[in-house]
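Dropping a structure here in structure tokens format, bear with me for questions.
Labels A, B and C are assigned to the chains in the order they are written; within every chain, residues are numbered from 1.
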Amino acid sequence: MPRSRARRRVASALRLIAALVFAGGLYTAFAPAISAQDAPLSPAAMEGKALFDTSCISCHGMNAQGIEGRGPSLIGVGGASVEFQVGTGRMPLGSQGAQAVEKPPVFNEEQTRQLAQYVQELGGGPQLPEGNDLHSGGDVAAGGQIFRLNCSSCHAFGGGGGALSSGKFAPRISDTDDRVIWAAMLSGPQNMPVFGDNQLTPDQKRDVIAYIQETLKDRDPGGFNLGRLGPTTEGLAVFVVGITALIFTALWIAGKS
Amino acid sequence: MKRRKIDLKTLPAKAGNEVEDRLGVATPLRSIINKVFPDHWSFLLGEIALFSFIVLLLTGTFLTLFFEPSLKEVTYDGSYTPLRGVHMSAAYASSLDLSFDVRGGLVMRQMHHWSALVFMAAIIVHMLRIFFTGAYRKPREVNWIIGSLLFWIGFLAGFTGYSLPDDALSGTGLRIASAIMLSIPLIGTWLTSSIFNGEFPGDIIISRFFIAHVLLIPALLVALISVHLALVFKQKHTQWPGPGRTNTNVVGERFFPRYTIKQAGFFMAVAGVIAVLAGALQINPIWLFGPYEAGVVSAASQPDWYVMFLDGSTRLMPAWQINIGIGNGYVIPPIFWPTVVLPGILTTLPLLYPFIEARLNKDNKIHNLLQRPRDVPQRTALGAMAVSFFLVLTLSGGNDVIADKFNISLNAMTWAGRIGLLIVPPIAYWVTYRICLGLQQHDREVLAHGVETGIIRRSPDGRFYEVHQPLGHDHEALPYAGWVVPKKMNRLGALGPALKGFFRPLERPAEAPVSPGHPPVEAAPERREIESKH
Amino acid sequence: MTVQTTGSNGNGHGSSVPEEIDYDDPRTTRFEKVKAAARQDGVDIVHYEPQFPERGSRLEKRMSRSVAFMFLLVGLFGTAFVVLYIVWPWRYEQGDVMMKYYTPLLGATLGLALLFLAFAILTWGKKLLPKEVSIQDRHDGGAPEGDRRAVGQTLAYMVEELGVKRRPLLGLAAAAGLAPVAVVVAAPLVGGLIKNPHADNQMFTTGWSPIKEPNGGTRLVRLTRDDGTPIRPADVSAGGQMTVFPGIPEGATNAHADSPTLLIHLRPDDAAVARANNVKGTGHDKFDRSDFMYGDYIAYSKICTHAGCPASLYEQQTNRLLCPCHQSQFLITDNAKPVFGPASRSLPQLPLDVDEEGYFVARSDYQATVGPDFWERP
């Protein structure tokens, strides 16, 4: 009998992945109902569960079901979300604020993946592709189009981030790793909208990341970029540098010789 | 042919006579060369604006050779790979070409933009100098009015220029400009559709802005700047009070040689600073913004700094919409007040200010001597109030960037701006007023009791007191002359002058005249020394 | 040659006695001639002092050397500019570092050349030329009374001679004749520029209004991406949003600048709230929008009702939509009513449906006016 059980498990996992690919985010709404709660965890997920039970359980509850008023359920959020939140140090949450902020991660890369695997096996959800390089071969021009239509409104043209309502903000993304950007698009962390594979195909995601990594990280051709904050810092610079220098020159010219 | 002998010594005189016989320029030339200009650093602020305007004209002419003012759609195929294949307007594509396919085009574009910012900044700084020293008083009201108009025309020049590349940021600005025009009661829609030739953005606005930006507005600027300078020339420059300076003379240097040389040098300095800015600091990277599309926007969308105060006023304006329930109903949207009414007030009030002040003071006299800001506390305080009002608005124009970079809530920034706009200017008024009075009082104290010497003496009864060096004879208080009162001993020549030279002394320091602990004993320095400052 | 100079001023500087100077007299120095010429313009050179009391002193030599050195630096940096302009790699190449220094190097060399030129000129003028103090009279207050009267009388006489008062018909006729000429000047300008803003009802329609078919029926406009592909409900995940354009020719271009729309897939709880509020309506416009949503999908105009920027900073947890231009905030789950900032009007909502092929369509055009407000909006 173990054989057929294994086959069942494989079949269910395949179903899961198929559903993910085709229904993406829609799927997540139904995920808890069909997730294989009782299926045994993989070794990596077992490690992840151990980490979860020591560090996450107080807010996210037993089996990541969530605790009212403390932390949301993680059923169906997927490994991508865990990799983003834990991998960038946003989780475990440091202090209460308008939103979780990036800080040095508590868990190393391997532990993060174990946690992600655990959450993934608990309730399914979007998952990241393999590898650390998720941008090579992307079409920078196409990625730029997508970036300007979907990303720049919050993260700004130069990728420097921007303010949202009431103290929330969109972080700087021009120095972020491929996996983190991909995970953010897939999972829609905090107030960021979700860009599932149904909306932006993996190829398009690759394009966007290529644009961010190759164009936005590139050195600026016009000199120091003043933080790419647009006319605000340019206006500051014209007084602090230009006018100040010229007034000192005027002082020298008119000074007693 | 026999070679005629040329007497080189008499040649200039001969040539001069030939010219004079025909043109008759000798007398006016002499009077120009001999014209006297007073010398003070604050009189050079207007020149920054003038010289950056010349840089604007030069670089701008270069840019027109490559710019294509058209909204015709093209597919980009230039050197900047991240935008290749993107559909965009010819205006944007040619701006990209200017940046990447014209050799040295980017440095020219950046020089043009930086000099525009310097131009507007210099206008403001110059205007503040005029205001705080009372230089706008009779007979110079007309020049004050022309100067104020120059700010607004420069503002228009800047805005039209900012709109020309048709990148996403300038398109957003243009969209807001159209919304501002739309908000004007009765004529808003007609005005907007007439300017844009239909619904926003239409297909002709860039061509119209182009001709305004390269011909109409510069022509107006050149004309007004010429009148502005001609009036300065005709009315002669104001001067600070000081030794030998009266309301009926000008004390300074003749136009030629020293004044001209200083002007030429300063022009080079302005151009040089602009060139350094253009090389060191990137400005308006349109290639990152992408072409303007109605659905595309970026966080931190701001206009150039001199428009930012209007952006700020728009951000701070509460959502007060006025509905007029006649017929189908009419609307005055909230954006109308901060962007049409407020600039209207900000234009009119300064234009009228010289006349208001003269009337309030019942002052019909001609004023050629400047006033120290501290001596006219009301005006200075009023100016500080206006500056703080402008600053709150300008900071609010960038409040999202401030909120993001300093981790402040955006909503809190808006509220801080709203409250700040109401309470900061009165506070600035009061504080400035008190500071002026304090400075006045200190001047009078020094005139009455003398300069602090830093020498502490102990009197026989054990008290300590500081020795003061009286300025007048026989401990008599000197009258205040409207000019700097020396407050340090080396200004009186008692401790030796400050060392000259920019980085190191060019001459040996003068020897200190007295040994320490021994205050100068001669009765009092001469009057000349008190006044010969600056 | 002898010139009479009139005494210049009454404030005690310089002599007020007319003095004669012989420009051919070898005994007068050139400077004395200059002073005499200045006096003719009411200018007194009261102080004229060489910077260096002894000619050719070490200090003077040093100063002129440093000016000369600065001029040489001008040449050096000018040459550097030209050389860099020619030899430095300048073609844009992504990731290439060298070419990114092209503009900074040009700016730096040009700037330094100009700055050294500035300081060379200034030092020459300031440190090598003699210091001077000159005093010039002002002649304020315009012409004396007699001159004013003369001009006034002349002008008055000219007006009298024209005789408009005596011959009123002439004046009236001239005014009547010239007025049309003024109109002639203004007419082409005004007439050429003016454009009816309400032609085709353009202020109140967008690219979403159903297309009239040749056979008389109408076809609903599909929601499309910027590349024109239609959108199924499954294409946007819960908590996601997508900028959509009308599926008509040029629908995603600036020809339809009022049409970009934000399609949002709300989470089920939020969708329930949004549906309930859709029924209730909000504020001024309390009309029923109960069938505007499709499932958990809701669509609002992306064009801010305040100044027309794309209000597109969608916060998927708070369901706020922030406009980056003036920070107006709209609550998506309550009819996109403005909850903060200067906007005074809700974002218009697009009624959604799905056609028989499973793609999103707009059931009709926006029912509220899209974009910034104006006077005659009902």
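Just so it is clear, a contact is a pair of C-beta atoms (placed from the backbone, for glycine too) under 8 Å apart; a residue touches a chain by one contact, two chains touch by 3 or more.
For clarity, every value in this text was computed on a predicted model and none was experimentally measured.
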Taking the mean of each chain's Cα atoms, which chain ends up nearest the overall Cα mean? C
Between B-C and A-C, more C-beta pairs in contact link B-C
How many angstrom lie between the centres of subunit A and subunit B, each centre taken as the mean Cα position? 45
What is the distance, in whole Å, between the centres of subunit B and subunit C, each centre taken as the mean of its C-alpha atoms? 16
With chain centres defined as C-alpha means, what is the inter-centre distance between subunit A and subunit C in Å? 38
Contacts with two or more other chains occur in subunit A at residues 140, 145, 149, 153-154, 162, 164-165, 170, 214-215, 220-223, 249, 252-253, 257
Where subunit C touches two or more other chains at once, by residue number: 92, 94, 102-104, 107, 118, 122, 126-127, 226, 243, 310, 312-313, 324, 327, 329, 340
Tell me, which residues of subunit B touch at least two other chains? 81-82, 100, 106, 110, 262, 265-266, 269, 273-274, 277-280, 293, 295-301, 400, 410-411
Contacts from subunit A onto subunit C in the complex sit at residues 22-26, 28-29, 140, 145, 149-150, 153-154, 162, 164-165, 168, 170, 188, 190-196, 198-199, 214-215, 218-223, 249, 252-253, 257
Inside the complex, what are the residues of subunit A that reach subunit B? 98, 140-141, 144-145, 148-149, 152-158, 160-167, 169-170, 211, 214-216, 220-226, 228-239, 241-243, 245-247, 249-257
Within their complex, subunit B touches subunit C through residues 30-31, 34-36, 73, 79-82, 87, 100, 103-104, 106-107, 110-111, 139, 172, 175-176, 178-180, 182-190, 192-195, 197-201, 235-236, 244, 246-254, 257-258, 261-262, 264-269, 271-280, 292-301, 311, 314-321, 323, 328-335, 338, 366, 368, 399-400, 410-411, 414, 506-507
For a test of understanding, state which residues of subunit C touch subunit B in their complex under the given definition. 9, 11, 13, 37-38, 40-41, 43, 45-46, 59, 63, 85, 90-94, 102-108, 110-115, 117-122, 124-127, 129, 132-138, 140-141, 193-199, 202-203, 226, 243, 245, 252-254, 256-260, 284, 302-303, 306-310, 312-313, 324-329, 338, 340-345, 371-378
Listed in rising order, the residues of subunit C that touch subunit A in the complex are 51, 92, 94-95, 97, 99-100, 102-104, 107, 118, 122, 126-127, 131, 226, 234-243, 264-265, 268, 310, 312-318, 320, 322, 324, 327, 329, 340
